[in-house]
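Common to both upcoming complexes is subunit A, partnered first by subunit B, then by subunit C.
For the complex of A and B:
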């Protein structure tokens, strides 16, 4: 089970992810509503894993991912974006994302992906 | 013609018989006694270890055939190659996304797409994938980066055992457009006539994600009755169905008496 930081600009999606991850036995150590806040919260909380929305106001998810990875190369980040933006996958993976989930998502698959990323080296 | 043992459903009963398989036809032995050229087949459906073969004509007849996987694999391949269907050579990737999570080892397979009355089939050397049209959630003409090029693809979201799966089809653009239009028309019943309000959309999203009624009430801070009304609207719009009805109960005098006595004896 992991300590997870949820990053998404909509409270609805944050609440949904929080419920899913909590039901899988994970601790939600923090939430952030944009990329800037995500970078600051990561430094402060040092979570085991981050779920990161891609399209966000101010600093977007890809930029936040790069900032987090440059500060902590071992950071585990799963990107999360809307359907139809799958082209972002390559960019995200190239920038160091460990996994990718597409909204709308189903709870068992999200938990499986989180488990896989948490158990990866 | 190679003879193989099969079971065929006749008047609700499974009857053991044999089937001869040739390059252009099958022959089902007694009690059916029928020769079926593959080009006369107008539909093919798959149900676990059975296939349903529908033969056209003045009156369509459907044969439900059960056999071992190897026999059904050969039968499906021969039928799909020659039956009456919209067919095209294409690349496909299925599944590419499962439940919102990208399938890491997904790869493009070269093969054939056959669109029949009730489903879309992908057939390659290694795979036979059937997507029943009734399980198609959406069809989009979109682009995807393949070998550093942005190429147009048809994206199909469909259900497999209540899990949402995304598959992609890649072929020349003109064919892709025809396929997209064809599939769109075949699944027109799935279109919503009007948009739902934001709260109803949120409830539908949560149901999609696997949340139960209790979790939805808590997350959206709505009452049981309000949620029931939204469920009714989703059911009436044809986008949801009742899974089960959970009862809310209260104890009768007999129940209260029983619980009181149990608690009394356990605290003594």
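For the complex of A and C:
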């Protein structure tokens, strides 16, 4: 089970995701409300996995992902996406995102994706 | 989700959704004014967030509406759609629907299916009327080199929601192990999701069959077949550029949300502390123990600090209520066919939450009044040599112990002559009184119940509720309201409010051997009056003080007939002064004012009671009703 950092600009989504991940036995080591915070928290906590929202104030998820990946190329980041955001997530995948989960979150799918990315090299 | 969970989620959901809703409305108005093109990004983000949260809560109606709005916002952002007032109307209509739905959700009511159907339809029609949005093409990635070549065929779950993304992930995972030579269908089409259930990737890799199979497997992948192939013609690999590393600033959680009721409870406890500190001080005075005094002064300091801190925690910026006003101005102006530039300043000025709550309605009323009755229609303005667009300014600032809010328009102003006629017609003033009334007195008539000068009552400004209610509300917040107006130039309302109501400085006085507290903000001075300076004027008394004749009150109906005294306290409210006679002045003190119990009801002349240190219950004089 992994140490996970949750990034989303709403406490609502973070809480939802936290409960899902927690139910899967994961350890939530931190939360961030925007890209800047995500980058800082990543450096500080070095989590096994980051769930990254795409659209956020200030620094968005794609930029945060790029910054995290350039600081730590082995970083595992999963994008949180919704119908209509495919283009952004494609950009994210090209920038090194390892997976994606789709809102509204379905617990089994989220946990499967997380498990898959955590177990990958 | 358990019931408890659901309740918690709903609270969070409503709270954050409201923030996003407000953000959309305000930025729509900015967008309409054409001042800031980046407003659309803010709108887009908020609409998107709202959509995502609604979907997660299963509020399909809300989600559908947000989704349709997002489509239109996307068109605006891409420059494929122009922002017209009609479009803004439609979008604001949608935000109203969102607000209604949030109200229903908060109240635990369900959302009826189909309630947003009309809006969604209008949005769709609008979106389809605009030129097609072609997705920006994304450059394809192809790679090559020398190692053994494999063919990897991947079948995806037919249920897979975003097969384009899944395909890209598979491609990416495979690329980490080698170089992708080609794909069938081509990478561009894979990335657009234009393929049936499966696709083939030709990859050159030293990793071996098993590693490739693992890399291609994952969620929503139902089958992976790997086979060795002969090498093919290579193409140049392409890497996406990377952002430079951002400085890793450390950030801690800076804010927490606290239920407002808990803050109120805390405030009550602090008030009790203040009262009991006073009591301890009295005891200390009686016994004069040095160590006790020292300890007490330490506690006193802590209590003061705690009290100040509590006050500041309860303060919220005026923005909270200012933010809804641009919308009100816009709607009212549009309804009345007026053109108005609305300027707000000082939204960061802070007020106590309880003052803020009371302020919202009066402010709304004055703003609507200014649009309805203050600012003239554009044609009239032009004829008068003014710019077509009227200017409405709302400013707030902190001034020593008060917060001053001004609402100023450059409209037609209030005509005192019309007030004079109207007052006589309505029987508020006798004809001879009206003749002698000064301009200020006439303007103050506006605050009389049932006095309105507007020829017609518009349906937005509402009828029945007048400036009298506004003044009453402001006074109940211990504030004052003043109007200045000049015909043809405009009108200015000035509200002076205490930033907080609960704890105030008072002057303790004795009237007929009873204690009474007067808010220090109402006290001008304490004076000694020679008996010959007091004159009978009509039924009352007046005193000549510093070349001014002030009405003199003995408050005998409240406190009974007092023995002779020559100590006067000069009071002022709203710029008007009067004097009261007191036995003597005890001193100045900080006290907690408690409102009178509902059982007693409102009691003219008394705004509340306070309990100073000795446990005595002392009335607080309501200076508003005296002057």
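What we mean here is this: the second predicted complex is superposed on the first by the 121 of 121 C-alpha atoms of A that agree within 3 Å, B and C clash if a C-alpha of one lies under 4 Å from a C-alpha of the other, contacts with A are read in each partner's own complex, and residues count from 1 in each chain.
Simple rule for what comes next: a residue touches a chain if its C-beta (ideal position, glycine included) is under 8 Å from a C-beta of that chain, and two chains touch if they have at least 3 such contacts.
All of these numbers come straight from a predicted model, not from anything done at the bench.
Bringing the complexes onto one copy of subunit A puts subunit B in a clash with subunit C. With both structures placed on the common chain, the touch criterion links A:20 to subunit B but leaves subunit C unconnected.
Touch criterion met: A:112 reaches subunit B and subunit C at once. When the two structures are aligned on the shared chain, A:104 is found in touch with subunit B and with subunit C. Set side by side, subunit B and subunit C differ in how many residues of subunit A they touch, and the one touching more is C.
When the two complexes are overlaid on their common chain A, residue A:89 makes contact with subunit B and with subunit C alike.
When both structures are laid over each other on chain A, subunit B collides with subunit C only at 152-160; the other stretches in 152-160, 404-412, 440-448 or 584-592 stay clear. The intersection of subunit A residues touching subunit B with those touching subunit C, taken from the two complexes, comprises 12, 15-16, 19, 83-84, 86-87, 89-90, 99-100, 102-105, 109, 112-113.
Residue ranges of subunit A in contact with subunit C, taken from their complex: 9-13, 15-16, 19, 32, 36-37, 39-41, 43-44, 55-57, 59, 63, 66-67, 69-71, 81-87, 89-91, 93-95, 98-100, 102-105, 109, 112-113, 116, 120-121. Interface residues of subunit B, counted against subunit A in their complex, comprise 97-102, 140, 142-145, 150, 157, 163-164, 166, 202, 205-206, 208-211, 215, 219. Taken together, the subunit A residues at the contact with subunit B in this complex read 12, 15-16, 19-20, 83-84, 86-87, 89-90, 99-110, 112-113.
Listed in rising order, the residues of subunit C touching subunit A in the complex are 5, 8-9, 12-13, 16, 44-45, 48-49, 51-53, 55-56, 58, 67, 70, 135-136, 138, 141, 161-162, 164-165, 168-169, 172-173, 176, 191, 193, 215, 218-219, 240, 242-246, 248-251.
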